[in-house]
Amino acid sequence: MRVAILGLGNMGGAIARNILKAGHDLTVWNRSPDKAAALVEGGATLATTPAEAAAQAEIVFTMLADDRAVEAVTFGEDGLLAADPLCLHVGLSTVSLALARRLAEAQGDRYVSAPVFGRPPAAEAAQLSIVAAGAPASIAHAQPVFDAIGQKTFVVGEDAPAANLVKLCGNFMIMSAIEAMGEAMALAAKNGLDKQALFDVLTGTLFGAPVYRNYGPALIEGTYRPAGFPAPLGLKDMNLVAEAATGARVPMPLLGVIRDHLLQAIARDGDDVDWSAIGKAIGDNAGL
Amino acid sequence: MRVAILGLGNMGGAIARNILKAGHDLTVWNRSPDKAAALVEGGATLATTPAEAAAQAEIVFTMLADDRAVEAVTFGEDGLLAADPLCLHVGLSTVSLALARRLAEAQGDRYVSAPVFGRPPAAEAAQLSIVAAGAPASIAHAQPVFDAIGQKTFVVGEDAPAANLVKLCGNFMIMSAIEAMGEAMALAAKNGLDKQALFDVLTGTLFGAPVYRNYGPALIEGTYRPAGFPAPLGLKDMNLVAEAATGARVPMPLLGVIRDHLLQAIARDGDDVDWSAIGKAIGDNAGL
Amino acid sequence: MRVAILGLGNMGGAIARNILKAGHDLTVWNRSPDKAAALVEGGATLATTPAEAAAQAEIVFTMLADDRAVEAVTFGEDGLLAADPLCLHVGLSTVSLALARRLAEAQGDRYVSAPVFGRPPAAEAAQLSIVAAGAPASIAHAQPVFDAIGQKTFVVGEDAPAANLVKLCGNFMIMSAIEAMGEAMALAAKNGLDKQALFDVLTGTLFGAPVYRNYGPALIEGTYRPAGFPAPLGLKDMNLVAEAATGARVPMPLLGVIRDHLLQAIARDGDDVDWSAIGKAIGDNAGL
Amino acid sequence: MRVAILGLGNMGGAIARNILKAGHDLTVWNRSPDKAAALVEGGATLATTPAEAAAQAEIVFTMLADDRAVEAVTFGEDGLLAADPLCLHVGLSTVSLALARRLAEAQGDRYVSAPVFGRPPAAEAAQLSIVAAGAPASIAHAQPVFDAIGQKTFVVGEDAPAANLVKLCGNFMIMSAIEAMGEAMALAAKNGLDKQALFDVLTGTLFGAPVYRNYGPALIEGTYRPAGFPAPLGLKDMNLVAEAATGARVPMPLLGVIRDHLLQAIARDGDDVDWSAIGKAIGDNAGL
């Protein structure tokens, strides 16, 4: 298939490599084109604008940092919507519901939201979990590429923003699990109980899920650098959840707790800590 | 082994049946002795006081409703400490750190804290998870009985209250997971997203643990009666966590959120709802 | 002095009348010009665009609903910045720090932020409290008009956004006082204590300030309609505070509590309740 | 009148001096009798037990540190209830609703709850505010003494615990005002706004009450030692509020925020800081 991908950061780069590996005909674009060098060497074509990339593809994937970047690449000068002919656009980025809505309204059935769960190592291993929403035929069209980059595709509806909402809820749930473990571990530590012993019981009983296994060790060891997912990006995502909650009139007090701890972590420890550093904020407040 | 159990409620009764089934010589006691009838018919001996039960056993287990009951049975008239000779006491109940400390100080190596994870069906099936702390020799002595009633024993230290702390942290973590799912589902529902679809993605990715699988369906269907674990007991446990947090000077804002939702659930929906009814409180507040 | 005012809502209309009453030469503009009729009859001149109004004035005041309206009137087509010559712009509206910053950067010493405390009756009575920040000479220039519309001017610095920050802090403090009274009164009511008796002690001792006296009666009587200041506007302001707190990395958990109660009030009771209806949300949650 | 007072700490000592000054016949008792020396020199009689003090008085006042002390002095060996004949008991201490209830039930009309607002300097100046509840005749009997020690008596009902509830609500309201100012000042400071300028606007407009004037300066200057009212006593009172809220099923999220900040202040800064040190906790969390 003729595929294009816009955005070659840690996630986008790994996804691009897997698309290429699966034998698709790949065009790439990135704001700083140097990131495309290895891919071009591997057979990809470099486009100079999003529109040019899209013009050469049946499907164009976007994997960008935030709303602003997706807006620019889609609606901006030489953006996707300037391509002729227009192709299917699959948005992999974590963006606001408002932007997802705007993308869906502007592109109709030619737009699918498909944000992913998984960090760069999972992306590299083609083990992402993909949450897709959009027109069934459009999702079916993209499925071979989803299969090349992920282990499973969850279809959550025909209205594209639904997938973005699931993604935001998932990130909120991750932070919630970290918050809960962080508070429990602070209580344990101040009572002289070994955090590891607590963790072993938890994961050996009701809490044996990846979210606990992935983040527990950092909380036990207090290791928050280097960041797998930096706290400011976590804050950005929690702000998107808050924006959705405000829009839908949903009080979410646990979300408030998480945001305050992220603000504290960033204020005191800097922009380069992992989002799990809310565990350090919790411990600091207990005088640990 | 000669074993006694004090407290034959839903949990204690099931545990007693499994002790008997494993071939141990069992003495039972309950405040209202009628609950002992079937066990006596099955071969157990009925004692008229805790002290009498303890006098006939190598190990006495207590499985009672709250601190007050455990205090009465241990320190009260004709209580465990009035038995002659004194035997090993294994406390299975969920009690405060303060009481666990007092029990350990009064009984020394003859006391083991061993609260359990699991509801009545798990108790019936001898599938409890046991968290034990105390003198290693004492735990070893009780191990055959633990094997008769549970699937796994986690030893978390030699200081008995450590086991109670782990149990309290576990219940806090359960409530935290329910709170997180409840908020995410309220956000989903008010945005027109199917709660089940959200749940399937969550449990199919990072959140595939029993805690989510056990409580998700009630949140999706809004079914909070009959109560598996009534909200007032959940509140009692969260108050024990708060007492421990206050004692150790540990701010736990998520605990505060949970307690407020439990208070709301009880105030508005009564004492007979399940502790997962915090999900209803969250939804009510969003106007669902 | 030749003065213009843009925005003739409840607040702007009352302010305009007082400017006129003080003998200034007044030009008015409003998006829907019919609101200007009585003022024109009273001697004011009606402008057809913000730029036209500004061109006829030494000082132009803006008193508009939100950031979007102020942006349009300032930076939009036929906006203030299109006037020739440019005059002093005094912003009375409650806007975001980000917009205040942008207004200051675009207009330099020709811009003063001067948000006000006081509701329509205070505006009518020329009893507003004005919080001003900007170049001292510019504030001095506007002082005669401030004197015509308010009872006191507080100068809080030379950097215009400082005044907007004080205004946002003030609104946050108002909501905080309502939240505190609301929680105390719910506790009183559920214990059978007369809310009025509690209120009398509070205002007769440490809490004898207008903020308590103004909002206490609504909480006692449970009267939240008609709205003096509708809950959605209160939410808008609290969101501006949250935006400032996020930008400056300041955890504000009490702000989170307030926002959640505002969301609840709006979700359950509609857009037409007063912002003090968080008191009803608090009572509802207690089962009152 | 023949009056006795039990408890001669900072508050009780000052109250005793004013009772003596007003010409009453005073008997005093304190756990460590050395605190009575100056009073005895000034004409008071020293009793060796609470019962002895009560036996010599028409009215006995108790002003003690906590529930435990009041319980011991009332119900303990040689306690008030052992006096013959029994006299009127006026409880000035800040105690739990549960204890107030028990005191009222044990003593009937002979018990009046009359907790006070005001710190030691106000007690010294006979400027306390007294909140009384109990049988009208009993309150009338005590009124001459109230007049000797306070500036105003608020009668809030005939059920004694009502007065204690008002006192607890008052302390909660004080902490709420400190929390609100603390958050607003942290937001101000991180935006480069002078805290004093903010404070001047607040107290010059809607917030001109003693609670703000009393605590603002400490928050501005960051001075939390020596403690006027130590944080652990503030925490004790907030725990009493929480106990009352739990008992009455009233969610109080702002109370949770305050308690967590008190725990943080004590955990990080020690037991000797003032309860207004929650302002420091708030600032610390913002990285100030």
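A few comments on the model shown:
Per-chain residue numbering starts at 1, and chain names A, B, C and D are given in the order in which the chains are listed.
One rule holds for everything that comes next: contacts are C-beta pairs under 8 Å (C-beta built on N, C-alpha and C of every residue); 3 or more make two chains touch, one makes a residue touch a chain.
Chain-to-protein mapping (UniProt): A, B, C, D = NAD(P)-dependent oxidoreductase.
Everything numeric here is computed off the predicted structure, so don't read it as measured data.
By number of C-beta pairs in contact, A-B leads when A-C and A-B are compared. Taking the mean Cα position of each chain as its centre, A sits at the greatest distance from chain D.
Inter-chain spacing, taken between the CA centroids of chain A and chain C, is 39 Å.
Taking each chain's centre as the average of its CA atoms, chain A and chain D sit 53 Å apart. Chain geometry summary: the mean Cα position of chain A and that of chain B are 38 Å apart.
Within chain D, the positions touching two or more other chains are listed as 245, 249-253, 257, 260, 263-264, 267, 285-287.
Interface of chain D with chain C (complex): residues 97, 117, 129, 131, 152, 154, 156-157, 159, 161-162, 165-166, 169-170, 172-174, 176-177, 179-181, 183-184, 186-188, 190-194, 197-198, 200-202, 204-212, 214, 241, 244-245, 248-255, 257, 260, 282, 285-287. Those residues of chain C that touch chain A in the complex are listed here as 235, 239, 242, 245-246, 249-253, 256-257, 259-261, 263-264, 266-267. Partner chain B is touched in their complex by these residues of chain C: 253, 260, 263-264, 267-268, 281, 284-287.
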